[in-house]
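So that you can tell them apart, the chains are marked A, B and C in the order they are listed, and the count of residues begins at 1 in each.
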Amino acid sequence: MSDKRKILVQLDTDVHPSVFDRVVAIDAGVEELFSYGGVKPEQVQGLVHGAIFTRGPAELKRTALFVGGSDVAAGERLLAEVRKHMLPQFGLSVSVLLDANGANTTAAAAVRAAARHGDLKGTTAIVLGGTGPVGQRVALLLAREGAKVRVGSRQQEKAAQVCERLKARIPDADLEPVAAGDPANVRTAIEGRSLVIAAGAAGAVLLTKADRKDCSSLRTLIDLSAVPPLGIEGIEIGDKGKERDGIVCYGAIGVGGTKMKIHRAAVARLFESNDQVLDAEEVYALGQGL
Amino acid sequence: MSDKRKILVQLDTDVHPSVFDRVVAIDAGVEELFSYGGVKPEQVQGLVHGAIFTRGPAELKRTALFVGGSDVAAGERLLAEVRKHMLPQFGLSVSVLLDANGANTTAAAAVRAAARHGDLKGTTAIVLGGTGPVGQRVALLLAREGAKVRVGSRQQEKAAQVCERLKARIPDADLEPVAAGDPANVRTAIEGRSLVIAAGAAGAVLLTKADRKDCSSLRTLIDLSAVPPLGIEGIEIGDKGKERDGIVCYGAIGVGGTKMKIHRAAVARLFESNDQVLDAEEVYALGQGL
Amino acid sequence: MSDKRKILVQLDTDVHPSVFDRVVAIDAGVEELFSYGGVKPEQVQGLVHGAIFTRGPAELKRTALFVGGSDVAAGERLLAEVRKHMLPQFGLSVSVLLDANGANTTAAAAVRAAARHGDLKGTTAIVLGGTGPVGQRVALLLAREGAKVRVGSRQQEKAAQVCERLKARIPDADLEPVAAGDPANVRTAIEGRSLVIAAGAAGAVLLTKADRKDCSSLRTLIDLSAVPPLGIEGIEIGDKGKERDGIVCYGAIGVGGTKMKIHRAAVARLFESNDQVLDAEEVYALGQGL
């Protein structure tokens, strides 16, 4: 029956399920939204079984799951648990989208913004704050597109671990861990890079004007911090492809319109089949042509 | 886009968000109801931001907030917090209605009932239980309408504080604090009053038949207690303009029909623009012409 | 007004209200679903009053309650509390369905399955796990249909208590408590029985192949366990009227289709009037003719 109502089950790790994600779900065409807050991994089995055991296999694409909450690592644990309890071998599964803290849609929108200003294949890029949930996703997407990616972190050791994990997924990726935590090493880190994407913690300035003033290779700067001071000094939060001293700049709000479109498209896509897992790469692919 | 679905975000301070408020919201035309229970002030920012950052400014009037719960003071704290996190300077706000414990709609309906039986301007009134959340609102509305208002309380000191706060809002108000806690002082308190509105705690008898039998000025008695014994002895909960010994009487259920109409109208009004704060006076104004 | 939206208030004793019950409610035609988790008996009054005090008596059949959760006894306590706070004497009530842990719909579907293979009147039956919530309901329904029912339990004393309670409700019922906990007594217990319904705890094997191989009276075996090993050895969970060695067999999934139909029909039935209490027998009656 194609007329079953479209149900989205929102599993949120925060006490109160995100209003933001709920509004987007409704605006994406969800007809019934079942919202759960404070969801713990051990509660996932019952919630997933309730979703997959109620409608026939042919109708299961009208039910879907969304995993959210402000803690991306907690969301990832829920997603792993969700996948464990699907029974695809019996046709009993529903599609699921992870967008905890907006990490996947933000990373996708940032890389989409960069792609507007030149082919990413072969582009020299650096991700500052590259070991956080958004930064890792940005690095993954850039590597998939064939960019040469430096993953920057205050602790080079952590950056190296991220690069290793990414190389395990993309064997031919061009990835390099770099230390980028103080003026001395951040200047070295951005040397020769044309694209910088900053995905650090709120309030942490990762790249000052002084530190980048002598770097002639810079072409595009994207900062994903939502609250001042931003991660890249000199960018404004509303910048959307704005040229500043010959460099194209984006701030979080400038990237936000694309992020929202991708988020809505990803929710809508869930209802096209009952076997999708939409994580960073799938969400990014959705952004194509929006 | 005028076709975005009408979303009401219900912030309730009780563990379980009020079924009553939810049914009224649906019957008032809300299309998507996001209900939150046990909401604390420190959680309000994220919820408000989720509401204001998801739709464009032109569409934000299709999203609104409702603050409820059985504790009116707690609801008032949430409302204050809600207002703090709107960003009207950027057009980023949504309208909000406070009706914790039905205080605003009940007070509005009570004063509307009184107004049916004579111009309130110059009317001599007394509000028994006048320092509670409903009583204070009744006194405010009566004062706005130009009535001469005595605010009665067991503790005259608390009544005096309420009168002071109201005079700060309505400088030309005719307000007088009175002690009204035992037969001796309640008889003095109602002397010369034509309108009595009792808004005391459940089960507290504030005015006995004996205490009012010698008061010849009484014309209208309104009691807002939902459970017997009522605050004004001799009134029945279903009284709706019923004459008893030449005095027009209203009980809580008699006022209830108007209260429900005002409640529904207030919820519907939220979706007319994105910048309203509907508290006692705005809710009362809505009752005009219903 | 016949166009008020159909509201179902779901009271669930588990922390997270059942996704399963929510999907079924939507698929049964519910238009607005208010879901509450972790509901405690002392919270029921406010929730019920919110449901019955918001719409006029003529419209109250468009509001209904559902009591669920994995703990059937806890659900029964909620149902008792729900009934206490209705005010049918004033026309102020809404219909309510109990289906905690699917107990009523499962029991109804099991007995419906048995009825497909011969008149239940006079049938010799035994309910294994007959003192649990599903087992008691199965015994009740079989007794109502005029079957001769043995109630089996590891502890015969508990089986005797169940039989006594059922006889108080159905004075002419033919009920007999039996001990059925080990090979010696289970063989005696099933002697002469043509119908066995097993409703024991998950993972408990109540009847082995060896224990039933010499029992020539067996005609129908129904097992309601959802996880292997099943309660009746030799049945498969998907069996749906499958003949095995001349005996008709049903497993939990085989009974599941009818269970779902009954569940949906019961939810839909709630909205036909505002005075129904749908427990085991009412739910079973609904299954007639589905």
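One rule holds in what follows: contacts are C-beta pairs under 8 Å (C-beta built on N, C-alpha and C of every residue); 3 or more make two chains touch, one makes a residue touch a chain.
Bear in mind that the values here come from a model prediction, so they are computed numbers and not experimental data.
> Among line, ring, star, complete and other, which best matches the way these chains touch?
complete
> Specify, for the interface formed by the sequence copies subunit A and subunit C, whether it is same or different in terms of residue numbers shared by both sides, with half as the dividing line.
Different, since under half the interface numbering is common to both chains.
> Between subunit B and subunit C, how many degrees of rotation does a Cα superposition need? Round to steps of 5.
For the C-alpha superposition of subunit B onto subunit C, the angle is 120 degrees.
> Between subunit A and subunit C, tell me the centre distance in angstrom, where each centre is the average of that chain's C-alpha atoms.
Here the centre of subunit C sits 46 Å away from the centre of subunit A.
> Which positions in subunit C touch two or more other chains at once?
none
> Which stretch or stretches of subunit A touch subunit B in the complex?
For this pair, the touching residues of subunit A are 14-16, 18-24, 26-27, 33, 35, 70, 260.
> In the complex, go through subunit A and note every residue touching subunit C.
Counting only subunit A, the residues touching subunit C are 4-5, 7, 9, 32, 34, 36, 39, 43, 46-51, 53-55, 63.
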